[in-house]
Amino acid sequence: MENPYLPSPVRIEEIITETTDGALKTFKLVFLKPEDEKRFRYLPGQFAEISVAGKGEVPIGIATSPTEEGFLKFTINKVGLVTTHLHNMHPGEIIGVRGPLGKSYPWDWFEGKNLVIIGGGFAFTTLRSSIVYVLHPDNRDRFGDLTVIYGARHPGLLLYKEELAAWEQRSDINMHITVDATDDPDWKYNVGFVPTITKEKAPSSENAYAIVCGPPIMIKFTLPILTELGFPPERVIMSLEMRMKCGIGMCGRCNIGTEYVCKDGPVFTLAQLNQMPNEY
Amino acid sequence: MSEVIIPKDELASFVGRLLESYEVFAPVARGGMYLFERISAADEADLSYKNTRLSPKGAFLPQSERMFEFTVAPGKEESGILKEAPKEFRERVLLGLRPCDAQAFKLVDVNFITKEYTDPWWARRREKAILVGLGCNEPRSTCFCTSTGGGPFSEKGLDVLLYDLGESFLARAVTEKGEQIVSFCSGKAPGESLKSKARELEAAARAKIRKSLPVDKLKEKDLLELFNGKFWEKIEFACINCGTCTFVCPTCWCFDIQDEVYKNDGDRLRNWDSCMFPIFTLHGSGHNPRAQKVQRVRQRFMHKLKYYVDKYGNGVACVGCGRCVVSCPVNIDIRRVMEVMTAEVCEREE
Amino acid sequence: MKEYIPKIREIARKLLEEEKVDAVLGFRKGTIPMMNEPFMARSASDVDLLYWDSNCGINLANYLHKRKEKIAVVAKGCDTRNIVNHIVENQVKRDQLYIIGIPCRGMIDRRQILAMFEGREIEEVDEDAENVIIKGDGLSETIPRVEVLQENCSICIHHNPVIYDEMVDEPVEEPDHVDRYDDIKAIEEMDPEERYQYFRDIFSPCIRCYACRNSCPLCYCPTCFVDESRPQWVGKSIDITDVMTFHFLRAFHCAGRCTDCGSCERACPVGIPMRLLTKKLEKDIRELYGYEAGMSLDERPPLDTYRPDDPEFFIK
Amino acid sequence: MKDWEPKIVAFLCNWCSYGAADLAGVSRFQYPPYIRVIRIPCTGRLNPKFVLAAFRHGADGVWISGCHPGDCHYLEGNYYARRRFALLKSLLEYMGIEPERIHFSWVSSAEAGKFVEVVSEVTETVKKVGPLKYFMKKRPEVE
């Protein structure tokens, strides 16, 4: 019997400090067993439980795209017991990964559609996965225009800075990077909150889906703008966070009404969320 | 299916024979209460009990269970790698459990055995278990199993059903597995008079359950209307947010996963958890979607009586055993909550 | 004690009608024998639900902390001592409260009665001044109430409220000679090994439901030590070391504050006599510092004060 | 048991007993090497949880030491602590911890001699009672 609670051992290959405050680090992980890697088939939007023996597990969105083979990346905020311990670990050490878990963004719905990806802060991880996935030559033709609006409080808190810069240069993606504020005279991109920039750039809702991921306050002010732009709630896709333990819909804590965020989510449409109790 | 008579003075030898082939769990008297525990001698089982204080769910979902073990010794190759804790899963007989509790196992199965995932510990124990139920001649005043799809002699989820006929038990096999158990009884088949006595007991027991609750109405209620009901504030007032109701409940399955380290070795354990505890849903960020007591109380009742109903189309996640009614320190009575939730007019929060 | 009900309702009605309070905290009659439910009457129409008998053992002070409204509270002796604690510990203000004092004659030990009639269904338990009357399926027994009181009530020396705005009746007589610590002394006589085994047996049925903690008016920390993870002071399994560590620290948090109201034992679903720990601390504090919890608004709790000449025989 | 060496956790107040340990070291006094010192700002900071945690992690004995009454750097921290210690010791013993395992002392930063004396006495007593029997966290007996 396959044990869905058993993490696969992985080696920490590399640890990248992403932000100037040091609170976010990206962990590049490599499976110890090739069969575990083969089994780990995922799509952007899914997450995994990162397991540290003796400390516990944390659910983290997968930052890599399935088009990047041979490793997984997770960008982890230093918050509690497990993540603090992770931040003190070094390349070469062994941890565990359990997954992939949850539902991905609905990629079959996106076929032939334009995509508007809106992200804020460190919630950009599964969005990065999505962008890399869409931009991959095998996939690019399956989707229409790709617009990305990504903001952080200041330039030092933006994730994946090199990739952001590279995407800015490409013609097959409309990239809008923004920060809430900066005193950096060399800052070449937008300044302003994500909702403001969304309004300003006004991506068309025509034949489009929006994926929105970010802190509650950003979501709160972005959703009305998407409505203004003509996105119906069925085409606004969101990803939720919850305290989780099992990640497979059994331990009982992450439900919103009838839905378990870990298994039935974490991806929901705004239309679905509107029908669910407001308890998240 | 076959029926046999076990005279009461032969019960011990019957249990003794079971003990030779199975792990046997049975009601055991423990300091002023009964608990469902594994027994090692036939005379430990006491079938004269009314019901156990805690439900028998611990036989499949122990309060604390070792999931994995590991070493964190530095420099060792296997350091940090979890291995499934070695366990033996022998065939086990749950002897004399109440029909409501057997029904509860079926309700919990849908959580642990799903098309995507199977909980290995629950599933292995369930697979190897034979459930020998004991019908309730004397339902308690807090029992309401007939409202929740069961009954004092319900065969749901059982392999064998026992009737206590006074001088003897009538054992009826309900499943193939049950036949196996019945074959351990040396007794003969019941005559017509004992059979009719069993039927009379059953009818009398049903008549003794006075409480009838309109549980079916819950299906039709609007989820958000119930969720936003104003009545939750009244229901939750007395609640002290302990975990008693959830821990005594046969259908509460929530658990927590915890790592422990003892010098260089460690375990990943799972322990019963409760939606009554604030930490149950506390995010690392400090945000808590169910920070208020009223939200947690609502979660417990909504989960049992509405979310479960809507998600699985399987009835309510309550079997009417009455344990939470008896054990709640502040007398929050799920029967009263059911009545409020199924009332015609549902007061909504403005 | 049912005879107090009309007076309780009368006072409550007056207070609510005259808008002297926003709510009256008391009990309403329970749905099963020997249980009542803490209840907040918010309008005159709720008043007739207020109820009182010898099954009101849950300490209502537990429902007072951090409340903003003006509340009348029906309070027996131990409840008022916990209210004093609350006021001293700044959990509630005196002028927010209108205390309706109950001269208490002790609460019935539900667990004991259930055990006495194990196997038989008790359907109703009634009481008069002297007796408890138990009725059920072919059952009708009269037992003198002194024989079925909760243990803490049988050794209670403060039946009457220590603080109140109005009494529902004349004070009851307080007993003369009560040895509150028989059981504690017997444990003190044991050697360490015996004591450990004794408590191990006592605490092994614990299911970690925290009913003892949550029914206790003293437990109001925003985050309990059992939920702290960095560091984690106590594991969450039913391992006996964790269970005993929990009970040790829970009791210690009550040191100098516990009024022996018995809510913890009453709430425990598996019948653990955890008062053996809090009572030990109570005894020590009485002997060392001459203090009794919750008796005066002007005294600091014993662990929040000191005397330069406090005993220090155990310090090198 | 012959090779057993006691583990003693010593919670020393920063201003007095920790200073005494320092002075004992500087003065090259010899004392038994079984104590693990944890510096605390004041004995008033000692939460009973710390003592339980020490036993939980396998300490055979715990020793808490601070300034003499009246000499507290924070004026009265040790007075408060003294009451807490009396109850802590009593309740620990009541639940089965041997009295030989829990020790308190007042040692000023000038009393390197007393520091050595107390370490020796604590060590001897803990040695006599042997390894910790209860309240140590072990692998739980669960399924």
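To keep things simple, chains are lettered A, B, C and D as they appear, and every chain counts its residues starting from 1.
Note that in this section a contact is a pair of C-beta atoms (placed from the backbone, for glycine too) under 8 Å apart; a residue touches a chain by one contact, two chains touch by 3 or more.
Note that the structure is a prediction, hence the values are computed from the model and not measured.
> Pick out whichever of the two, A-C or B-C, is joined by more C-beta pairs in contact.
More C-beta contacts join the chains of B-C.
> Could you tell me the distance, in whole angstrom, between the mean C-alpha positions of chain B and chain C?
About 31 Å separates the centre of chain B from that of chain C.
> Nearest whole angstrom, what separates the Cα centre of chain A from the Cα centre of chain C?
From the centre of chain A to the centre of chain C is 51 Å.
> So what's the Cα centroid distance for chain A and chain D, whole Å?
50
> How many angstrom lie between the centres of chain C and chain D, each centre taken as the mean Cα position?
Result: the chain centres lie 35 Å from each other.
> Note the residues in chain B that touch 2 or more other chains, in rising order.
63-64, 256, 258, 260, 269
> Taking each residue of chain C in turn, which ones touch at least two of the other chains?
Expected reply: 235, 237-239.
> Among the residues of chain A, which ones contact at least 2 other chains?
Chain A, residues with two or more chain partners: 80.
> Would you please name all pairs of chains that touch?
Inter-chain contacts occur between A-B, A-C, B-C, B-D, C-D.
> Chain C touches which residues of chain B in the complex?
Spelled out, the residues of chain B in touch with chain C are 30-33, 48-50, 53-54, 63-64, 138, 140-142, 237-238, 240-244, 246-248, 256, 258, 260, 269, 271-272, 274, 277-279, 325-327, 329-333, 335-336.
> Quick one: in the complex, what on chain D touches chain B?
Residues in contact with chain B: 58, 137-140, 142-143.
> For the complex, give me every residue of chain A touching chain B.
Per the touch definition, chain A meets chain B at residues 1-7, 9, 32, 51-58, 79-80, 83, 93-96, 241-243, 245-246, 248-258, 263, 275, 277, 279-280.
> Under the touch definition given earlier, write down the residues of chain B that touch chain D in their complex.
Those residues of chain B that touch chain D are 62-66, 87, 260, 262-263, 265, 267, 269.
> Which part of chain B faces chain A closely enough to touch in the complex?
67-68, 70, 72, 79-82, 84, 111-112, 114, 116-120, 123-124, 223-224, 227, 253-261, 266, 268, 270, 273, 275, 280-285, 289-290, 295, 299, 302-303, 307, 310-311
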